[in-house]
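This structure is in structure tokens; I'll ask about it shortly.
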Amino acid sequence: MATRRLTRQEQLQQTIMYPVDWLEERSGLVGGLRYFLFRKVPGDINWFQTLGSATLTAFIVQALTGSILAMYYKPDPNSAYPSIQHITNDVWAGWLVRGMHRWGASVFIILMFMHMGRVFLFGAYKYPRELNWILGVLLLAMGLGEGFTGYLLPWDQTAYWATVVGININGTAPFLGPFIAQFLQGGTAINPDTLARFYAIHMLMIPGAIFALIGLHLYLVIRLGVTSPPWSKEAAGTGPSPNGRVTKTRRGLMRPGTRRNGR
Amino acid sequence: MASDRIVERRRVFQQYKEDVKERGKPFYPYAMWHDTIMSLVVVCVIIGLAIVWKYSTPGNHIGTEPGWLGKLYDAPADPGTINFVPRPDWYFYLLFYLLRIFKWPESVILGTIGLPTLFLVLLLAVPFYDLRAERRLGRRPVAIIAAILVVLSMGILTYKGATAKEALGSELKALVPKWAADEGYTGNKQAVAGANLFAVAGCANCHTYNGAGGQYPGAPNLTAEGAKNKGIAFQIAHLKCPACVNPGSPMPSFTGLGDARLKSLATFLEASKGKK
Amino acid sequence: MQPHDEHPHVPGPSLWPVGFAVGIVVLLIGLIVSWYIAGLGALVALAFAFLWVRDLTAGTPLAHAEEVPPESPTGAAIPAPEGGDAMPPSEPEERYPRSKFLELSTLGVGGVIGGLVSAPAIGFMVAPAFLKQGVKDHDIGPLTDYPDGKFVVATFMSDKTQGEVSRRTAFVRSNGQLNGQPSFTIISNHCAHLGCPVQPNGPLEEQKKKQLGDVTLIPTVSIAGFGCPCHGGQYDTEGNRTAGPPVRALDRYSFSIRNGHLFLGKPFSVSHVDGAGASAKIHKWTLAFPGEHVNGIESWLYPVQPPH
């Protein structure tokens, strides 16, 4: 216990921190958040390494705009197309939310590929991050699955026929193909239940899987750490600098690198 | 009994953790700042695309006319249509074009399932067959070459999928006056009738003509077919039995159209001397 | 309570409060439902209240439990590994020691619950792929609308209860008579490669379009076969593949004739057709998805077809 009166600043700080401390004592979550925010990352990381969080942002945009669209969209073959027209033409900012969702999908997929390429070129899939790479490829597959199932939802000519071809492509898989195709269609041919099925897969099943996989993916990133760029002169993992100190040269986002002989 | 390689890797990872602890900077605010900027860029791009999509469509921006980024929506789904050519979303164009490359019936399954699954499995297994610890780009020639090849092939396939043309009878019929004007046979009634027939008889499923049509690999461009001066009799004989006249030709016979129509088509072909 | 007592006065375990609570609940319910129930509830509550109070006010050892340090439970709930309060070691003949039984039964019951929840859910999701779907006949117009030797593009609904989503198109040609019965060639317009809509290779007589209820009929003039604009598949007038990636001939519909009207029945797949018109020999197979070979080596990739 303090034996002197606290200064005004300290008093203010105590008041502000009171709810945070209350939460921390009862849940321990604040400590977790602090760990996430203030953990150390290598000093030489690069703009390319922002692609991962950019992909996450694109996915969050999709989740939010998708949830809002779900309030107006009707997954029945007779009302799907009119509901899309209604969203695009009548609902206030409906065109914006629908446009963001539609183009957010393309941006999400582009960013996933760019992020994957960056990880590949940085060699950041090597030990001990192999599991993270596998999770990432699964996320890629899920993302493409979202694009496929979502394409049917407007129920216009493009949507319907592209989905017919897509289902038949799945149907050509050996052994299980016909069963997969019938599972996707919900029957022997596209019927009124097909749209609801695609909607359920698009809205609930794949996003649920994506949220879970993203959680695991982020957990591994935090646990295993982020790699330094492979060209960095003072990459983490190569040991301490020879003279123990760092000189100011232009390299990396946060921390200038040293010039070292050889390497 | 851990192998030397795994022992070395563990040591390097330990070193990594120590280096980060010693020389690293806190994630917030340093790295998170750049993440936030990038996220802002992403959100602005998405919003920008949405605005362009809507407001570049003509008129009062509702309806099925396409703008710079395509249509807001197409006509309602008609499962009984005979006048529509499906296309997937752009990120599937490379699979779409792959289907055109594998045009032999026995190889269809390679294009639909075989190659994409193989690619996905190879992608998934990368950390298990690239076992070197080397991360510097200059010392990973195989990785760089593989990456360049993959990116190039995906890019080329996507581009070709995007520019691939299809032949829709109703759309082609509307182009006939332009064709006649371009090639100078507007006054030739039989040639124009033949052009209309060409538009709906499925010829453009494989052949290209004046920039329209299917581009099936191997089917010649017929824009200047008449300039070769093969003669109407040849054209009729060829249409009746392409493989007889041109051994090995995969083109089917068009005898079913009847002699009168075959003559119209032949006249049209011979009148197509190329764009003026 | 004794003022010099160092341990707090903690009542021992007892069921009397529970009985009292039950009585109160029954009493309250009885006030709404019926006086008899209320009376019963009051009696039960009074009885248990008497017992409870008797316990509390008695100076028996039950009312004063020893302080239980948390590390060594005295109850029989969790077996301690050793010591006087430990689970009694199992007799040599005993084959299901209690902890093992609890473990197995927890896992077993958990598995049963998991099965009970997921089996209907997964069945609900997957069953349509395995259930036979009945096909109803659809009337596509009187026989007089189908001139001999020419194809008519017929658009109809295969199941009116499903609405527009069941709309289908078929190319119908009358072949005259075969053994005294009318013969028809009815070809589905789904390409055998990947299901794109197939176009007739030839002009249609749009001005002669007929509308009979939900059925639309458009006659053709003369066609040289069918072509698919998606990937360049070509078929002849019997539906045989002549060029391109389709893996078999176009599917066909079986038909029947009632009261002078043509009715379409179940569709089926065709590997190829020998001959033409009424005397054509059609090699039939059960309906398969587009892209699946029905004969030849590659048909071994699809040994089991789900029921159609």
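Order as written gives the chain letters A, B and C; numbering starts at 1 within each chain.
The rule we apply is simple: a residue touches a chain if its C-beta (ideal position, glycine included) is under 8 Å from a C-beta of that chain, and two chains touch if they have at least 3 such contacts.
As the structure is a prediction and not an experimental result, all values here were calculated from the model.
S.K.: Once you draw an edge for every pair of touching chains, what topology comes out, line, ring, star, complete or other?
M.R.: Graph shape, chains as nodes and touching pairs as edges: complete.
S.K.: Among the chains here, which has the CA centroid at the largest distance from chain C's centroid?
M.R.: It is B whose centre lies farthest from that of chain C.
S.K.: Whole-Å distance, chain A centre to chain C centre, using C-alpha means?
M.R.: 31
S.K.: So, what's the distance in Å between the C-alpha centres of chain B and chain A?
M.R.: 28
S.K.: Rounded to a whole Å, what is the gap between the Cα centroids of chain B and chain C?
M.R.: The computed centroid separation for chain B versus chain C comes out at 36 Å.
S.K.: For chain A, what residues touch not just one other chain but two or more?
M.R.: 77, 161, 164-165, 169, 172, 174, 177, 190
S.K.: At least two partner chains per residue is the criterion; list those residues in chain C.
M.R.: 164-166, 194, 196-197, 230, 291, 301
S.K.: Note the residues in chain B that touch 2 or more other chains, in rising order.
M.R.: As it turns out, chain B has residues touching two or more other chains at 77-79, 81, 84-86, 99, 108-109, 112.
S.K.: In their shared complex, at which residues does chain C touch chain B?
M.R.: Answer in residue numbers: 153, 155-156, 164-169, 189, 193-194, 196-204, 222-237, 241-248, 291, 293, 298, 301.
S.K.: Note which residues of chain C are touching chain A in the complex, please.
M.R.: 125-126, 128-130, 133, 158-159, 162-166, 194-197, 230, 287-292, 301-306, 308
S.K.: Along chain A, where are the residues that touch chain B in the complex?
M.R.: Going by the criterion above, the answer is residues 36-43, 45, 47, 49-51, 53-54, 57-58, 61, 77, 81, 84-85, 88-89, 95-96, 98-100, 102-107, 109-111, 117, 120-130, 133-134, 137, 141, 144, 147-148, 151, 154-162, 164-166, 169, 172-174, 177, 190, 225-227, 230-231, 234, 236-241, 246, 253-255.
S.K.: Spell out the residues on chain B that touch chain A in their complex, using ranges where they run on.
M.R.: Answer in residue numbers: 6, 9, 12-13, 15-17, 19-28, 30-32, 34-35, 37-39, 41-43, 45-47, 49-51, 53-54, 61-62, 69, 72-79, 81, 84-92, 95, 99, 108-109, 112-113, 120, 123-124, 126-128, 130, 132-137, 140, 143-144, 147, 151.
S.K.: Under the definition above, what is the set of chain A residues touching chain C in their complex?
M.R.: Those residues of chain A that touch chain C are 77-78, 161, 164-165, 167-169, 171-172, 174-175, 177-179, 181-183, 185-194.
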